[in-house]
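Sharing a structure here in structure tokens format.
Chain nomenclature is as follows: A, B, C and D, assigned in order of appearance, with residue numbering initiated at 1 for each chain independently.
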Amino acid sequence: MGILSTSRMKSPWLLHFDCGSCNGCDIEILAALTPLYDIERFGIVNMGNPKHADVLLVTGPANHRNYRVLRNLYQQMRDPKGVIVVGTCGCTGGVFHNCPNVLGGIDKVIPVDVYVPGCAARPEAIIDAVVLALGKLKAYGK
Amino acid sequence: MARTVIPFGPQHPVLPEPIQLKLELEDETVVGVMPIIGYIHRGIEKAAELNDFRQNVFICERICGICSFIHALTYCEGAEAMTSVEVPPRARFLRVFWSELSRTHSHLLWLGLLADSMGFESLFMQIWRAREMILDISEMTAGHRIIQSTCIIGGVRRDIDKEMAKEVDKRLLAFKEMLDSTIAPVLLRDPTIKRRAVGKGMLSKEQAELLGAVGPTSRGSGVAIDIRQTGYAAYKEVGFEPVVETAGDSYARTLVRAREVYQCVELMRKALSMMPEGEILVRVDGYPEGEAMSRTEQPRGELIYYFRGNGTNNLERLKIRTPTFANIPTLLVMLPGCEMADVPVITLSIDPCIACTER
Amino acid sequence: MSTGWLIGSAVIAVIVAPLIGGLLRGIDRKLTAHMQGRIGPPIMQPFYDVIKLFGKERCVAGKAQLVFGYAYLTLIVTAVVFFALRQDLLVVLFILFLGCIFLAIGALSVKSPYSQLGGHRELLQFLAYEPILLLAVVPIALKLQSFRIATIFESGQPLLPHLWLSFIALLIVLAIVMRKSPFDISSSEHAHQELVRGLVTEYAGPYLALIEIAHWYEMVLLLSILGLFWVVGSLWWLSIIIALGSWFIILIVDNISARLTWSWMLRFTWVAGISLIGSNILFINLGWM
Amino acid sequence: MENEILVEKADFIPAVQKMLAEKARFGTTSCVDLGDKFELIYHFEPQESPEPLTHIRVKIAKEETLPSISSMYLCAALIENEIQENFNVQISGIALDYQKRFLRSKESPESALLKPVPYAPKPPARLPVRCGEACPAGIDIPRYVRLIGEGKFAESLATIKQSMPFPGILGRVCFAPCEDNCRQAKQEEPIAIRMLKRFAYDHASYGEKATAKQTGKRVAIIGSGPAGLAAAYYLAKMGHGVTIFESLPQAGGMMRVGIPSYRLPRKILDDEINMVKNLGVEIKTNTKVESLDTLFKDGYQAVLVATGAHQGMKLGVEGEEHPKVMECIDFLRDVAFGKMVKLGDRVMVIGGGNAAIDSARTALRLGSKEVTILYRRTRAEMPADAEEVEEAIKEGVKIEFLAAPKKIFSENGAVTLENIRMKLGAPDASGRPRPEPIEGSEFKVGVDSIIAAIGQTPAVPEQFNIEIGRFGNVIVAEGDTFATSKEGSFAAGDAVTGPASVVEAVGAAKKAAISIDKYLGGKGVLPVEEIKVKEPTSRHTFLERWQEKREVEVSIVDGSVTVSVEKKRAEMPCLPLEERLGKFDEVELGLTEEMAIAEGQRCWRCDLEQ
């Protein structure tokens, strides 16, 4: 394992986008930053700038209005990058599957690497998912 | 510098949720603002017409993850009114308990975000650490950290026995102690916080009334509106008095919420101690017919549901008016004239919950 | 001191400075996390970040920005070299200023409104601290009758007892350069800011890494200038303690305050900084210090 | 649903206007698609929340256009936009059109909404508070208590001075109706408002600044008691020349002759009188006014009669003329002026008011061994201050409740008092239970002196030629103007109300001074000093919830005690009992700075929120 892939493993920067969730997962992502879970232990930082981020965390189902924003964000991110969907509704549509304005899961818009089910997903599960997504970053360029 | 238009959102780290504010800037002074909403519209009102009226509880709960219990409670109150169900008293007290639990965690979340938007990271961390204590209570009593999912039509699904009530009480006291020792002094005394919040985002009492502001936003301007005064669930028995500040700035709204956290703790402890023995759930027969309104006080303000049923399994119409929806127009008064650096603080000071607003 | 020795030390400075800077950033993040009740990232984290950024896809918003970014790094390194060569302190500072201006122009050269505002604020920030930094040199020169760093080394007496007022003013500058609360207005260390790290919004991948390294150089240079206040023969290690001590004070202040606005910053730094240094100069002239 | 109003499209706007006129709050609008029609339900909340909502229901055909109500209720614009988008209902003239991305559409007028507000925090509007309303002098109590809590003693004193001239006196002797009305008393103990007033006087100084131009008018005031002095103070400040006529050798009235010096040291009294003198008021002592007409002849344009109530009331029992029976008011006056009064060892005081307590405590200080108070009712009905009663009991005064004198006669060379036991009956006109004698329960007590302290009445000379009320000998004065039946003469204080308190006299004198100023052609505006302090922009309560323990060192004459002042009312440090007897030193020592600040911070600040 080269120093570059080690660094990639150790420094995933996050971008969080709320794609129409109920806030439940969003606040759990924020909670993962805070003292009890302290996601920064793993070098994970919430960046807020797609150009700097490595991992995109999406919550909620895609809808007719925001899927363009989501796609835009995804395209602005630089390789290597990974996408994690947090919450059941983002995975499949979940409880909102028959809502008129909902397209369905995030994977209808952009490719997804890791799915985190749960309504709302627990912070432990989110940290776990980020670590799983690192596998993709590690394998980049090989 | 000429006029610049800055798209504030929909994806922006200060806002956990997508709302777009098109800010027109002159140098760094905001001269115009245009909120653009609709990024997370899911069509829950329509979906509620497609589902069985009993299932709707679960979808209403997921209108907003922060105050999910109160959404479920409002739906249930309306549905119970339409099906003429009398909720057992113990269930009503338990509903008060979980409502206040939601409110506590929502206010703490907001206080944390406010500190963060001011760049006061260590205070943010402290507040969220205190919030974890509330989430632990939620997990202990309801089985989930944020979406309690205990309220259903006819009562509640889970009971809190004596032993657990004792434990909850103990934890609430510990929580209060933590607030007293770490958070309240900083919020009250730190000069940098005051510099960022005092006098920022002024909303006078007249404007608050004119714009129909609700909840802490209006209470921070001296309008004492609190729907809990109507005495729904068991608020009448528990007793309640709204918290009001008069200054009308961001700091006043902060204080309203901070004081409400203390009030919530008291209400929770009262609800648990006054709770009578008995059933927690009654059987619901019949289908919703006619019309009903139900109103509750969310952490952000007044929540209004309008129901119309036609005697079948499905509702004919469900209309939801959320508090943030009523509070967004106040941004048009508060933002113009402020500095760009104050935009996050002022925007947050109405505690926008976009997931609620857009349903 | 021989020329060869000096050149050797300059080479060492160019290599070692970013290492020290990165390490300090790592310790900074760890300490901050501990102050907030968290565990925090590993100390080597800044290096992981930078190496990872080098491995990212290249993307640049405009060629011009790239040029300005490189210019920033080059000028900062030049300033470090001049410092290591014990040249004129004024020259070192002016090279540093030039570098900072290039960074701001780089941010202003792209169309993104965040970057524009960030660049604008960087210039304001620059306006706030550069006069202080420049003025702080004057009392040193008054005391030693020379602007040369070598003179300070040769003087044989510590400057701090005479110039502690200027030293305090320099602490404010350090806080601004380290982008710490309450001064972190143009590109916050904290991500949750209204400008989304405005200044460097449009730098991505390896270029962001370069900017980051330049920041490390800048911080080490500033700390070294603070260290100059006590470089005397046998107690030379005190200068390192002083530099690290001031760095630690900045960390604590960062953790107990919120971010304030640029207008406040400008007022504060000018009033506090200039009055501190002004009174220092006055006292020296009166012979009190 | 209840409270629904069904309207046609044409009546819709008038219906909303009616809601607006009733100041109802707009809640929201629900829209239902009925196939060929839309039904829109506008929900309004009546002004008195929490009332059930009122609903205005209007049905329109799908192609019809409904007028927007956003010109009346701006907040409705958002929901109208939403309905327009979701249901394709046509609504015309929405003030804020979010869909078209304009802040205002062309047809809507520019509204107040879009103007930025001035960016300065305003102090919240102050609400009437119970303590302030209870104060006869109308002092801004919450403000001065807050200022002491903030450590701004001089500003606090100035606040008191704005509405009352004698903080030194009233800080010691006021019966503090404010404390009885303190909202905090319901849960904890009331704020020690009187002690804080005294503290402000003791720890800060105040210079009189605002004085109006001289008017050249002259006013005579008869009597230099609290009412006379306060009226003189205000009239002098309003620019009139004031002369006070006092028949006694020293000024001060009842404050000098009725209140013993252990409660009100003479130095404080003299200071306050000097303060009034420094404003240019002339005080003529040993001058008895015989007639009001001579005053008018001497060139006074107005006269204020503030003669007080110095006539002791008769006991009305057999043998009352016995030489060993003294009027309490005469007794206290003699003591005040340093006359030797011989009481003997056993003293009996009859009565239950403050005067009785004062007499008893004075008697103890004069060397009497056994002092007993005889009172017809029980302690709960005693009109004297509870604190005073307590101090008196502490000092060794005995109180015989439910007993009344029946006969006084000499027996074996000593005075003997025959008393009768009483029981409480039905409430009388004053609301207190009427004492009724128990037949056959007479008992005898041998004493050396008897002090009658059952009340006083005003004694107004007949030559004054002013109307005297039928009951209680009081002067008849008009309620608002304090004018008496004689043109140009006014009256205030105990002479009008009968025996009352210092603070009531001061409050009445203030109003009388305004009235006199108006009579003399002035505007009746009291000159008030502006105080520049930072007003609170918000009510920082949850301070009170801090469980912070504040321990305070309190030093008492020698040695020191640690008092925890957390949440508790400050306790006034008092002179130890053994130091009190035989001396007339002041008993209350005054709060320390830490105690006062802690006490000031304890206030709930009801003036900022109810």
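Note that a contact is a pair of C-beta atoms (placed from the backbone, for glycine too) under 8 Å apart; a residue touches a chain by one contact, two chains touch by 3 or more.
Keep in mind that this is a model prediction, so the values were computed, not measured.
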### Message
Taking each chain's centre as the mean of its C-alpha atoms, which one ends up farthest from the centre of subunit C?
### Response
D
### Summary
Comparing each chain's Cα average against the average over all protein Cα atoms, the nearest is chain B
### For subunit C paired with subunit D, centre-to-centre distance based on mean C-alpha positions, whole Å
63
## Note on the structure
Chain centres from averaged Cα atoms put subunit B and subunit D apart, in whole Å, by 42
### Task
Would you kindly tell me how far, in whole Å, the mean C-alpha position of subunit B lies from that of subunit A?
26
### Task
Compute the distance, rounded to whole Å, between the mean C-alpha positions of subunit A and subunit C.
35
### Summary
Residue ranges of subunit D touching at least 2 other chains are none
### Query
Using the touch rule from the top of the page, what residues of subunit B touch 2 or more other chains?
12-13, 125, 129
#### Entry: Shared-contact residues (touching 2 or more other chains) in subunit A
34-35, 46-49
### Task
May I ask you to sort the chain touch graph into line, ring, star, complete or other?
other
### Query
Can you list the residues on subunit A that touch subunit B in the complex?
15-28, 30-31, 34-36, 46-50, 60-61, 63, 65-66, 69, 73, 89, 95-96, 98-102, 119-120, 122
#### Entry: Contact set on subunit B toward subunit D in their complex
32, 34-37, 177, 180, 184-185, 188, 198-200, 202-204, 207, 209-213, 222, 225, 227, 229-231, 244-249, 251-252, 255, 258-259, 262, 291-293, 295, 302, 304, 306, 308, 316-317, 319, 321, 325-326, 328-329, 332-334, 336-338
### subunit A to subunit C touching residues, read off their complex
3-4, 6-8, 10-11, 13, 34-35, 38, 40-43, 45-49, 51-52, 54, 78-80, 141
#### Entry: Partner subunit B, residues of subunit D touching it in the complex
1, 25-28, 30-32, 41, 43, 49-50, 53, 55, 73-79, 96, 98, 101, 103, 112-125, 537-543, 545-547, 608-609
### Query
Mind pulling up the subunit C residues that touch subunit A in the complex?
29, 33, 36-42, 45, 47-49, 51-52, 54-57, 59, 191-192, 196-197, 201-205, 208
